[in-house]
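Structures for review follow.
Across the two complexes that follow, subunit A remains constant while its partner is subunit B and subsequently subunit C.
The block that comes next holds the complex of A and B.
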């Protein structure tokens, strides 16, 4: 069990833990934007930088993916760290001036405004939606497209995703709530000849995907997207008719 | 879909690398070379063949400048806008080429003969401003040296030292 100090506090940490985990367990707050306990560390937002001293020299590292070591001395707050965090949040505030989570974090870090020309984005490219879709759901329906200033999260070719199961995990993890989905009772297909009502559907607004909802065989209420039930049923090895009833009718 | 000639080149590219997932980028290079772009159909077909999610193929195709999801012209012109070339007014060269070939911004000309693209650094800053026609690097280009001439001559005049080889290649292709 490695011994280390964080902000002068002597701590014994479990092997393989990251600085961020150990700090949070010991009540030391480090701000993060792209970290989630259920996901692999990513190190994209850089807000969690800390200074580590391994004996000979100090350096700045991202605490979310830096494993603890014997004799490590960590500083989570000093002049240069605060200056860097302020700069990062100021740039995020420039990109997403209307995102609530960004504003709150800016407020917390004492940044009131930005000196750069503002944009009106909501996505901070933390990659949590992409990662949850890959690591937890396993659908890999969405990915990053392009790079640099044009980088964005998108479904393949900005069209309907054939892999999306409409689980809403991406909606749940998104820190800025810029991914939305909603269930509609009367989805409509529009053709040149006219329109067709297709009934209950779940719409994933950001991924341009609409999934028909399966209705309960007994009461006729919508349960979940048909494709999702197919995929999950297959994964769990259930009988094809196992998911035909809603929770209420099953009981 | 398998009878489509475009998909046949794709099949042979996949075959060449033994259908391995790791060879995705190599296979995409082959497709880009043969078809001039990674089209949506190709990407979807490839993802099926290699058992990779389409999102991954799409991500790779948009990330690397070597690939393009939009079709490229028969001759692809890359204008360097890296720091060194940028300071030597490579933006003007880009504008000039666009005017000559009737292309707005990046993209392909109407007849599908040419396409232009801005790239960052081609690794020969000492010879800048540089551009590349197909794989041929043209050194010390300047906007003033691009006269109003028919297309095949434009390419020659735009370049200094390596001009002759480019014209020759272009005429042989024609």
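The block that comes next holds the complex of A and C.
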């Protein structure tokens, strides 16, 4: 088990842990924006930057994915680290001046405003939605599109996603709440020739996807998206009719 | 036929010799992309047609680039018993006269550039002599290869075969000593010995990083794991640069041979070549090279009877600049989005599909056969204390003679620029030069006395990059240059990490403030502050080096930024700060500007200076471009 120091505190860390994990377990706070315990480290927001002294050299690394080593001396706060974090949050505040999570983080880091011309985005491109969809849900319905200044999260070709199961994991995990979904009772398709009733449906607003909801065989209330039940039922190896009833009717 | 022993290779070498030095006249036309752009494709057809019409027996061979981009299309001719003579430019119109001279057994002195008495060969103990005895008197007026200033200081290692062999012929490559290094490595050396030799040679990564190749190989070989990979990076995306493209198009086998030797040394059975989609000709020639090598058994199982198995797969990339970064390239190879990931565990230990992977640049690989063939001591005899060997440099921008050269490390930029590039064009003054592409720096002209050396250049604030050299003259505005490179990076950033994605965007906005004349001292301070965070906190080197061009522009050309604060663009480039006018005193009333103006803003009668209607003017600069007497002022 490697021995290291974080801000001068002697710590024995488990093998394979990251600096961030060890620091948080020991009550040392490091700000993060793209990190989630359930997901693989991503290292994109760069807020969790710390300085490590490996004996031979010191350098700035992201603590979320830097594995602990024997004899490592970590500094989580110093003049340049604070300057960098402040600049990063200023850049995010420029991009998303109206996102609550960004404003809260800015307050925490002592940044009150931005010196750059502001935009009005809400997505900070932390990639948590993309990663949760891939790593946890396994649907890979959404991904990053374009690059550089035009980068965004989208369903393939900005069209209806054929892989989205409407689970809402992306909605849940989004730190700035810019991904939304809602269930509607009377979804309708409108054509020139007339309209077609779809009935209960879940709308994934950001992914331009609408999934019909399955209704309970017994009471007729909506349960969950039909496609989601199919996928999950298959994954769990359930009988085709196992998910035909809502929780209430089952009991 | 399969080559299974060194004797087979020798036999093939003899066959290749016959191809290289046929009994008939061998006409070699440069057909790299640069040559083709200047019409080499049409020239080759014209030569074929003309030779048939004049019943002139000759072998017409497409070869690579000899580096003289400004003399293209270049044609080299070997007439039996005569020195090899290079001609250029040979256009389609020149061909009948040219062939007539050759068919008569003579030379076309009007277009002759230089003559070579012997073949440029690194491996032959006794270089092949084209002509025996003394030079004929009538040829003496053509300069000898060794006297041409352009070639005098060049040492060709990677480009040793460029322009001599047909890049699509493995036999010709073998005739020039090709694949002998591979035979030596797999039959006479252990993998450790190969790595030792490369380490001893002090070869450093030619992609810009300058990391010791031997060290990387050692780390990769020693890394735990079964499957390992060797990778070749052909993805230089720097604007205005094409060294690797030319290398690959002129001699794909040297890259391939290097890769196979690397595979043997590291213990990899699979190699990947990641090639940017911007290299269609290089890709075609590389595919052919792989097919030929596989047909001779130089790829596949039991290579040269050594029991070593190796295959190479080409993977085409989309041409993103960021995919030159090792982890982004590997993500691309795996079929994922080309985004870098942190390298806290080296890719040599955990790279492609989490296996130990050694990634080297195409030029680095091209050096390997020579190091093994000639020995590490020979190689490290060239260059400076810490930078060994040679570097291929592409010279472009404001130079008299844009060209491609290979010079020993330690050569002064002054020499490269003045002796090979021919200096600045007439009436112009060199203001700055740029090396290392968008992640390098812009340095003022006085720093031309800089050495071509990793450490020296690092100290001066730039880097070698992939070896591009762009000359910038007094017509350019340094604020605009900074804007150009930052704009390029904004488009090419992968957008994964915040400092790079958001930082470059803001950096560009700040620079644009100056180009429209609203920049202030505070903006300069903010650029500095932003650059600090980007350099320290970005995920990969693209973001870390993104602010360097603007920072060096501010450091060395602060006066231009200050002029922009006052609403002046001294070079007359930034459109928002200039108004064109016609200086009647200088104007010769030639009317060129009237014809050039796309919006008919310039009008006038013959014999008098035209007038410019500012209401119509779109400030495109077309009039300024065509004016011979520089009467259009800003």
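As a convention for this text, the second predicted complex is superposed on the first by the 251 of 251 C-alpha atoms of A that agree within 3 Å, B and C clash if a C-alpha of one lies under 4 Å from a C-alpha of the other, contacts with A are read in each partner's own complex, and residues count from 1 in each chain.
Here is the rule we use: a contact is a pair of C-beta atoms (placed from the backbone, for glycine too) under 8 Å apart; a residue touches a chain by one contact, two chains touch by 3 or more.
On a predicted model such as this, the values are computed, not experimentally measured, just so you know.
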Determine, under the contact definition given at the top, whether A:43 touches first (subunit B), second (subunit C), both, or neither.
second
What is the contact status of A:237 with respect to subunit B (first) and subunit C (second): first, second, both, or neither?
neither
Between subunit B and subunit C, whom does A:55 touch in the aligned arrangement: first, second, both, or neither?
neither
Could you tell me if A:163 is touching subunit B, subunit C, both of them or neither one (first, second, both, neither)?
first
Subunit B versus subunit C as contact partner of A:155, first or second or both or neither:
first
Look at A:146 in the shared chain and tell me whether it touches subunit B only, subunit C only, both, or neither; answer first, second, both or neither.
both
Of subunit B and subunit C, which one touches more of subunit A's residues?
C
Check subunit A for residues that touch subunit B in one structure and subunit C in the other, and list them.
143-144, 146-147
Residue numbers on subunit B that touch subunit A, as the complex places them:
40, 43-44, 53-59, 62-63, 69
Can you check the complex and tell me which residues of subunit C touch subunit A?
320, 322, 337, 339, 341-342, 344-345, 489-499, 501-506, 509, 526, 529-530, 532-533, 536-539
Within the complex, subunit B is touched by subunit A residues 139-147, 154-157, 159, 161-163
Give every residue of subunit A touching subunit C within the complex, in rising order.
43-47, 49, 60-62, 65-67, 80, 83-84, 87-88, 91-92, 94-95, 115-117, 124-125, 127, 143-144, 146-151
